[in-house]
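In the two assemblies presented below, chain A is common to both, partnered first by chain B and then by chain C.
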Partner chain A sequence: MTARIGVVTFPGSLDDRDAARAVKIAGAEPVSLWHGEPDLHGVDAVVLPGGFSYGDYLRCGAIARFAPVMGTIVKAATDDGLPVLGICNGFQILCESHLLPGALTRNQHLHFRNRDQKLRISSADTAWTSAYEKDQEILIPVKNGEGCYVADEKTLDGLESSGRVIARYVGGNPNGSLRDIAGITNAAGNVVGLMPHPEHAVEELTGPSVDGLGFFTSVLQKLVTT
Partner chain B sequence: MARVVVDVMLKPEILDPQGQAIANALPTLGFSAITAVRQGKRFEVEVDGEITDEVLAEVTRAAGTLLSNPVIEDFAVRAEGDEPAEVDVPAVAVVTAPATDADAADVKAAAAESSTAEKSDADGPA
Partner chain C sequence: MTSVDTVGTAKSTPDVEQPYAELGLKDDEYARIREILGRRPTQTELAMYSIMWSEHCSYKSSKVHLKQFGEKAPKTDRMLVGMGENAGVVDVGDGLAVTFKVESHNHPSFVEPYQGAATGVGGIVRDILTMGARPIAVMDPLRFGAADHPDTRRVLPGVVAGVGGYGNCLGLPNIGGEVVFDPCYQGNPLVNALCVGVMPADRIQLSAAKGVGNVVVLLGAKTGRDGIGGVSVLASATFDDDGLARRPSVQVGDPFEEKLLIECCIEMYDRKLVSGIQDLGGAGLTCALTETSAAGKSGMRAYLERVPLREASMEPHEILASESQERMLAIVEPGKLDEVLKLAEKWGVIATAIGEVTEGDRLVVTWNDETVVDVPPGSLADDGPVYERPIQRPNDFDLVQADRAETLPRPSSAEELRETLLRMVASPNLCSKEWVTEQYDRYVQGNTVLAQPEDAGVIRLDEESGRGIALATDGNGRYAKLDPYAGAQLALAEAYRNVSTTGAMPIAVTDCLNFGSPEDPTVMWQFAEAVRGLADACQALGTPVTGGNVSFYNQTGHTAIHPTPVVGVLGLLDDVARRTPMGFREDGETLILLGETHEELSGSEWAWVTHQHLGGVPPKVDLDREKLLGEVLVAGSRDGMLSAAHDLSDGGLAQALVESALRNGVGARVVLPEDANPFVSLFSESAGRVLVAVPRSEEARFTEMCTVRALPWARIGVVDAQSGALEIQGQFTVPLDELRDAHEGTLPRLFG
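== the complex of A and B ==
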């Protein structure tokens, strides 16, 4: 049976279509989920896409966190190990939901940064990164205005010592994120937040590479083996 | 109806690039005495009836749940009119800022214009 991966659309989501397309190219069935409905329609995993949910009002992801669909996702991710990938705005929503520690703040240089970005995968032990090798370098687009990852020193040390930093910026930090952190995971490894956009790097025609596909094939592999 | 004010500020250890950009712009405008700026948010929350301890407690819960992100921000809750304890700035501080004369003239002119505009609006056809 084909794995079914939900992609949530919030008011202001931008990359839900690209995320659904990446899911399809990876070989799974994308299922559209609506922010206002708590029902996950039995999906096996969820992607929170990039964009500007609720216009980024108050703080990025702060209002989306309280959407009805998020209540179900937070519970399923915590209690049942539902794999959840938050990309860009999705990462912000995961931090606001306290599924992931720390927060994403205004880029240190205050500019919106949009470019192809090299990353180094620092953990291949999560539901969303198992298709990569540790220390593998990948090239995928980054595009954010508030992508500066911050957390207190204790949290940062804890993330690093437990292998929960999953990707770091290489060849220039686009937003001032502490310790060049581009993505992190929770303790169980089922929830991953990533600031750059793997869903924009899944086809030769439109992406700088197809390096992003691994995030989506990783979760498929996990769903097949469990 | 009464009003409760919630001030939200980034924690001191969190970098505030917006505040820094503002601080960097000020000397070019002649505000040379200002050495640092931190930018925050102020929420004016309206509630029914009197401001009781229960009301303040509820607003405090809202401030900790939605209005602020406790990971990066601190907040202070007070009834409007109650001066925030940490702020102790004499009102005349505003007048001592440089370039005030020009600004005051501009403000007066603008005020005159707007009152004229309001008047002509009021006189207009109903």
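== the complex of A and C ==
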């Protein structure tokens, strides 16, 4: 049986179809989820895609976290270990939902920046990164205006000491994120937030590499084995 | 409510003085309105005529020239919708149709750079959406004043952030465009915006309002006081000192609202819920009501008090003139209204039935039961004034042409050539534009195969077949200043070449014609020459103009910008996997220069950068050669004979070599022809040339094809992946790191 991975569309989601394409290329069945419906339609994992949900009004992700679908996702992620990957705006929503600590703020240089970015995978022990080796370097696009990860020192120390930083920027920090953090996970390792866009690096033709595919094959592997 | 000027009042008070001159209408135009209506217009009608008969909406000065695009249009069976609708539509096969158009938002972007540029993107995207298409990419040809001028520091960052802010939030990849600096644009930056969309060929939507009893539904944002007079106050007059005081005439954009509108409209199209649709852009509701009813040869009734307002105190003429963004007008059969309203609610879009299609041919608008408008819509939309403006060749034209750049002092020693190269690649027009383009999302939608700095943007349309399109825009105001006829043709030739360089077959054209005041006969001469040149060249190349836009009054006081026709060319690829990128990659591949190099330096980037010189005649245009070159490039790409190709244009061969080398950090060894002057070989801007890298295994086959087809070619070197340098043998060597520092440092240093 194929794993079914839900991709949520909020008003203003942009990379939802791209995430669905990546899910498909990885070998799973993408299932479209609507922000206004709490029902997850029995999916095995969820991707919160990039974009500008609710136009980034108030704060990025601050309104989306109150969408009916998020209530179900937060509960399933907390109680049942549902694997959830938040990409870019999805990462912001996960922080606003308190599934992940810290916050994403305006890029330090104040510009939106889109470039091909090198990352180092710092933890291969999560639902979404197991296909990588620890310290493996990958190249995937980053594109955001508010991707500067911040948290207090204690939180940052805690994330690092518990191996919950999953990827760091190398070869230049594109947004000023503290300690070059590009992505983090929760204590259980089922919820991952990542600022860069693995779904844009799944085909040679359209991406800078196919290095992003590993995020999607990781979760597939986990779903098959559990 | 009695203070409103109604049709009844207008009839009973024929002699009331009306401020038509302040609204930009001439005496004879006002007299014609009175003649059409058989009475004086109401205040609201007067405002509507002033907007619809403005230069921006009526094309009154350009119409007599633009008709050449139709008269000289080459025959093609690809054209599904031609000029006249919101954008042209072309058949690209497999049941798919593509629509694309470029438009200007110049004046607003000078007054308020961020919002001006942002709403420029929003406007062109709605034009594409209106045709039934899903917008799939944008590109922005931009022109600014001198790079180091303090006001450029105000305008450029705002424009770039506005283009990015709006397009990124809509989820549209920005795949190309231009950034050009010249002092002539100091008080008149050009912000042109292009959008392209795709749809099933049977989903094309038209604007005609037909079917008596059908409901007129206003979708999208509430109507506010923003942008009132945008087309008449801003776009149809020359700026004077109070330019910045016109800020309230600039609209404010909300891309989130537009994103919802896009999704809502596309779902309506798929469910066949609308029978006609029109976006609200310049001239707002006035334009949408009159154009839909005029196109459908129908009458229409609209109830203004139903229009959702941001400010309750708005008067009828303000509601009709408002250019509030993110609005569409749909014509819906009564039986489908409920479904439309439900769908709009799903997407969080406000939808309001504001009127209906009626018998007859009058547009009647009421405001709380008072009739404020009763006009024949065609008189506003189609029967505006048409001017045959006087034209005059500039007196100094021959003098300027005689002042040739070929006579300027030029570098000769190897050391001087090396210095010139480094200075050129760092100059504002030739330097890397990454500081700008990295503020744009080029990945979203996951179908971007090539994007800037490649010769053309390439987008995949179909994941199964690999069918796709290529798009490029070009325009060189300096060439057009020296010879507007040739300049317009060179713009088309370059865009055509850029598209075919990626391996795509050019099929259609859109244009944005940016000029000074049409009331200046020398500007009008430039315009007439440029249109004639472009129409002739489109005919010769077999690529029809499908739509576009004219922007006049781009001048400060009496000084007009260089005539700047910007031309966009759409090309077709059967399989995007076959596209030819610009960067060198494989060691040892042969570099071949296609085309011929002449001593052509007038209007060149070299003449400007090193001598601040503009004079002489621009490079010669040879459209037959361009066509042949295009065919060879498309064949080379299709048959896998080319691994890289890059067009030669501004900065000549030197610039092309540098850009192809820096793209992947792979160098080259170049041998310049012995019988030519090395400086001319490197910096001449002769048209019709492309640099290609050919795998050794394909070299014989490729060169034989060129020879058989009589396309001049010359082996000029090899790709060198080991050296990390660009070597011009017998002259100089520059390490790629040094080139990169020079090429990439300029814009961050200026705009950081």
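The rule we apply is simple: the second predicted complex is superposed on the first by the 226 of 226 C-alpha atoms of A that agree within 3 Å, B and C clash if a C-alpha of one lies under 4 Å from a C-alpha of the other, contacts with A are read in each partner's own complex, and residues count from 1 in each chain.
Definition applied: a residue touches a chain if its C-beta (ideal position, glycine included) is under 8 Å from a C-beta of that chain, and two chains touch if they have at least 3 such contacts.
Computed from a prediction, not measured in an experiment: that's the story for all the values here.
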According to the stated criteria, A:18 is in contact with first (chain B), second (chain C), both, or neither; which is it? second
Partner chain(s) touched by A:222 [first = chain B, second = chain C, both, neither]: neither
Contact-wise, after the overlay, does A:35 reach chain B, chain C, both or neither (first, second, both, neither)? neither
Touched partner set for A:66, first chain B, second chain C, both or neither: first
Please indicate which partner A:118 is in contact with in the superposed arrangement: first for chain B, second for chain C, both, or neither. neither
More chain A residues touched by chain B or by chain C? C
Under the stated contact criterion, what part of chain A meets chain B in this complex? 58-59, 62-63, 66, 95-96, 101-103, 105-110, 148, 150-152, 176
Please give the residue numbers of chain B that touch chain A in the complex, ascending. 10, 13-15, 17-18, 21, 66-67, 69, 71-72
Contacting residues of chain C [partner chain A, same complex]: 161, 164-165, 168-171, 254-257, 259-260, 347-348, 437-449, 460, 463, 576-577
Per the contact definition, I'd like the list of chain A residues that touch chain C in the complex. 11-12, 14-15, 17-18, 21, 50-52, 54-57, 111-115, 141, 143, 145, 197, 199-200, 203, 205-207
